[in-house]
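You will see two complexes here that share chain A, one where it goes with chain B and one where it goes with chain C.
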Partner chain A sequence: MKRFFSSITDGKGFDILLVAFPLGYLFLMSGLPLLYNVLMSFQEVDMFSLGTFWRPFVGLKNYRDLFAQPETLPILYNTGIFVVASIAGQFLLGFGLALFFWTNFPGASWLRGLFLVSWVMPGLVVGAIWNWILSGDFGVLNFLLRETGIIDGNIFWRSDPDFSLWAVIIANIWLGMAFNMILLSVGLSAIPKDLYEAAELDGANAFQRFWTITLPMMRSSIGAIISLGLIFTLQQFDLFAAITSGGPNNSSNVTQYWAWDLSFRQYDFAKGATISVIMIVFVMFASVVYVRSTRHEVRG
Partner chain B sequence: MGIRNLLVMGAFALASVSTFAVSAKAEDVTISVWSLDRDIQPAPTLVADFNKLNTGIKVEYRQIQFDDVVSEAMRAYSTGQAPDIIAIDNPEHALFASRGAFLDLTDMIAKSSEIKTANYFPGPLASTMWDGKNYGVPKATNTIALYYNKDMFKAKGLDPNKPPQTWDELLDAARKLTDPGANVYGLAFSAKGNEEGTFQFLPWAQMAGGGYENINSEGSIKALDVWKTIIDEKLASRDSLTRGQWDSTGTFNSGNAAMAISGPWELDRMLTEAKFDWGVALLPVPEAGAERSSAMGDFNWAIFANTQHPAEAFKVLEYFVSQDIRMFSDFGQLPARSDIAIPATGKPLKDEALKVFTEQLKYAKPRGPHPEWPKISKAIQDAIQAALTGQMSSKDALDQAAEKIKAVLG
Partner chain C sequence: MSEMMRNRLMLAAAIFLAAIYLFPLYWMYITALKTGSAMFATPPQFWPSDPQWQIYGEVWQSRNMGRYLFNSLVIAFGAVSLICVLGVGCAYVLARYRNVWVDIGLFLILMLQVLPASLMITPIFVGFSQIGLLASPRFAVILAIAAKSMPFFVVLVRATFMSVPQELEEAALVDGNSRVGAFWHIVLPLARNGILVSAILIFMQAFGEFVYSKSIIQAVELQPASVGLNSFMGPNTNEWNNIMAYATMYVTPILAIFVLLQRRIVSGLTSGALK
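After this line comes the complex of A and B, so read on.
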């Protein structure tokens, strides 16, 4: 008995206790809702059976119905474009900025801090501001493009099905860029300076140094930032609600917004859950990449 | 006297206050009321006034946010914690009524000296009915009509006292009034992909003999074609597709649109913001002499079926209805009743406008009523947007909507 207690205060029992708390918390707060969501996607759910647990099972009917709807494939396709374009934009611009601030000119760290302001702003506020910027008749973006002679007529960013998705992507890139930059800056500063000195002595030019030292040393940071980016873009909801509401005619609709619309606008909770399950699969994939890329992390 | 003593005394004081409160309420029946009204709006004010009457019924009020009304009510009902009385948005009334979640009030209303169905406008009343029975009473109502800028009418050689009566006249006027150089569109309205789009379009289809049950009728197609003409000829901003009514009418107030389709909720803002002479006209009809129609908005009162005190809850409803006369004078909302005259406000523009809205209310039709209204509405919104963006013809878009609606209607 004494050994048992001493193991709890100092030993294996203590370790297990430490692990059990976060695991229990995770299971209670994330695991159960997740399982419940999967369960709902196989059931017939309407608002009056919301409070019960055992509802009629319908097998894969929700999935079949979902894929029979004409808007499903375009919305999945939109989600793909949104995720790839947002991550690519956020990463490339963020990496560019990180490299720029890495040169450490006077005031660099100060400016870098200011960039974080965009990340701190609530999505709905960012959405409302981009809503004005992207407005067709009086928007600032159209004004700039017109004055510089790039376009003749106004582009209706929010209301033209050819542009609506890109309107949200532009706003999302702006929103996520700073976060990318900060994480990549951390990765950059962790690379030992002597590697570059040695390479310079060996006569490697700037491009070679970037390609053979910076990129390989940043591998884990890049893997982490891209998988985090995937999770953040799949979570991005506020911008859609504020800028296009998924319209016009679903041209800027994505799964995360659609799931909400189905569940809480059309009260079709089963289909909302079904879409969420499909999204869970994608996020799981991202999580695996994230875990694997941070596992071999070397901190110099 | 230390902090400890203070704490003990505080706890004792608290305990005695709460026991006193409980004992005072013991013989009262408690009725809970949920609505989205804020403190200066009807529900909480009426609840406070009712409680002052000391009728032996104590009413507790809870405010819920607009977006949460239905989901909160559903959750509460399915777990047996529903309030006694709720204010529900009229297109969602049938959802609860059809499933027996709301109490059938037909007999109580028949015996009531306060609530008389004959006093109500037909549209709002119909939204509270399901299967020929009364499942609630309208709380307030609103509708949409055509606002127009009289100064711009004069400037473009149109008669400011003869607003457009038919769709053709509306298109003509919009063409004359549109002035891209001055950043002026002929018309502002909302074709947004949410309930607002349906709210604005359905009256057009109904005026032309269509409706949600036959959304692909010839008249509905013609209505959507007129909308398409308005967007294609740039008589209204393309952003009408993603802009709600409030923002669209904002462009009217700032002089960037010569006409706007919206409701009486715009009046107070327009009085302060619009620096020009304006008027309100009934919604234009397909051709002279055609049937009129308009949208019908706002909330209904209903009693949940699992209330412990149906008679007391009905008494509270009767009190609310007895105060309908204050609906406009105290709260600026239109009572859903044809027997209550709207008192003059002393603001000529507003009084003129209210006359038109009261007239328009006679033709207002409910959306549905149907328990699956959100799905029907979504099909209509998608059709409007598919046609206006040019992805489908009006006919194809409405045919597809009709197909989806047929699946819902079964």
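After this line comes the complex of A and C, so read on.
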């Protein structure tokens, strides 16, 4: 008994104790819900059976029903567009800014850090601000676009089915761009400067230096940042809740909003769980890519 | 001379870019100060001619913001305390050893970090309702947020512990400290700054959290400010000046903390996210 206690204050027991509680907690609060989610996707869940664990099993019925619904494919398609456009916008703009700030001038790092305010703000507030900026008749974005002659009439960003998804994408690019830029700056600053000096001596122009040094040297950071972008984009919920609520007529609905909408608006918990399972499998796949691309750094 | 000119040009360009990027924030502050009619003027006023400072007091009163912000603080402090108590030790052990078990633990933690809250809320809600946790909804939200944010915290704090030289701890052990003593008196004080910055980041996230609070907390008097903002914004609202005043009062404290601690937050974030 004494040895047991001394091991806790002074040996392996101390480490095991420190790890056991957090991992146990995570298992209870994340692992079990994850498994429960899979279980529910094979069950019939309604308001009456919500309180019991022993619900009738229905096999793959939830999955079949889900894909029989007419809105499923458009929503999956929207999710694809949302993910690809958001990541492309965040990454390209973030990379451009990172390269700009990389030229290093007085005040560069402070100004660069300032961009990150978008990332620490509550998503709901970002959504509210963009909701107002994108408003149809009185939105300032429409005004600026009209003044510069890009559009003739107002775009009804939130209520036009052709634009509603893009309204959220614009807000999401604004939100995620700074984070991309900061991480890309870290990658850029890790490239040894003498590579560029050598290339310059050999007569490589700026474009060639970018293609043959910057991009190849950044390969693992770019992989990590894009998979991180995929993870964050699939977590984006607040902007949908604040800007379009998935409407009009599901034209801006994506799976992560739809799963919540099915469970908490339509009280169809089984379908909500089913779409969650599908998306979580997908997110897990993305995170394996992320973990793999940062693994050598993780192990130190 | 040309070097100086270049620096000035670059700085001017950088300020211009930052101004474009931060325009939405500016627009929030300006809209809050406009009158009902100035808000819908065409062309829009980029500087309020008749600033309405009393709007903050009115919105604070009419939307009962004190209660909302108090609930946000309760949830954020609760989640951060729970995460710190559980996460610091976990990060320390994961930083101290390098073997296959640590790799497995890290892998599991990184995998849990990526689960979207809006997808996890369905099983969490059903499970919590079955074990009766929904009777104390703020506590339930704290538990859920802690599970969601702890992996990120562990990854950030682990990076901090990695930078504490292990020799210091070994020296303390040789001097007769127990493991607990060495951890408490040597390692923790050295890692304090990194832990604090990570805790602030987590606090900011928890302060703005929406999905869990919206789904779990039904009672208005227990809801945090994010849910309050959501119910303020109806589908056809036209009180944008009031909404922006609400948003201003909600985010200004966060922005102030961020600007003050910017350098530390950015470096803490970059050390953890990519490593």
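One rule holds for everything that comes next: the second predicted complex is superposed on the first by the 269 of 300 C-alpha atoms of A that agree within 3 Å, B and C clash if a C-alpha of one lies under 4 Å from a C-alpha of the other, contacts with A are read in each partner's own complex, and residues count from 1 in each chain.
Keep this in mind: contacts are C-beta pairs under 8 Å (C-beta built on N, C-alpha and C of every residue); 3 or more make two chains touch, one makes a residue touch a chain.
Here the structure is a predicted model, which means the values were calculated and not measured.
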{"item": "Chain B versus chain C as contact partner of A:N249, first or second or both or neither", "value": "first"}
{"item": "Which of chain B and chain C A:F100 touches, first, second, both or neither", "value": "second"}
{"item": "Contacts of A:L234 with chain B and chain C, given as first, second, both or neither", "value": "second"}
{"item": "Which superposed partner A:M279 touches (first chain B, second chain C, both, neither)", "value": "second"}
{"item": "Superposed model, chain A: greater residue contact from chain B or chain C", "value": "C"}
{"item": "Contacts of A:A108 with chain B and chain C, given as first, second, both or neither", "value": "second"}
{"item": "Touching partner for A:T212 - first (chain B), second (chain C), both, neither", "value": "neither"}
{"item": "Partner chain in contact with A:G136 - chain B first, chain C second, else both or neither", "value": "first"}
{"item": "Chain B versus chain C as contact partner of A:F264, first or second or both or neither", "value": "both"}
{"item": "Partner chain in contact with A:V45 - chain B first, chain C second, else both or neither", "value": "second"}
{"item": "Shared contact residues on chain A - chain B and chain C", "value": "50-52, 135, 137-138, 245, 264"}
{"item": "Touch list for chain B against partner chain A, complex", "value": "67, 70-71, 74-75, 77-80, 95, 99, 101, 183, 192-194, 237-242, 251, 256, 374-375, 378, 382, 385-386, 388-389, 391, 400"}
{"item": "Chain A - residues contacting chain C, complex", "value": "9-11, 14-15, 17-19, 21-23, 25-26, 28-34, 36-37, 40, 45, 50-53, 97, 100-101, 103, 105-118, 120-126, 128-133, 135, 137-138, 140, 143, 147, 174, 177-178, 182-183, 185-187, 221, 224, 228, 231, 234-235, 237-238, 241-242, 245, 256-257, 259-260, 263-264, 269, 272-273, 275-276, 279-280, 283-284, 286-288, 290-291, 294, 297-300"}
{"item": "Residues of chain A touching chain B in the complex", "value": "47-52, 70-71, 135-138, 156, 158-161, 164, 243-251, 264-268"}
{"item": "Residue ranges of chain C touching chain A (in the complex, touch as defined)", "value": "6-7, 10-11, 13-15, 17-18, 21-22, 24-25, 27-28, 31, 39-40, 42-44, 86-87, 89-90, 92-94, 96-98, 103, 105-127, 129-130, 143-144, 146-148, 150-151, 154, 162, 178-180, 183, 201, 204, 207-211, 214-215, 225-226, 229-230, 233, 235, 240, 243-244, 247, 250-251, 254-255, 258-259, 262-263, 265-266, 269-270, 273-275"}
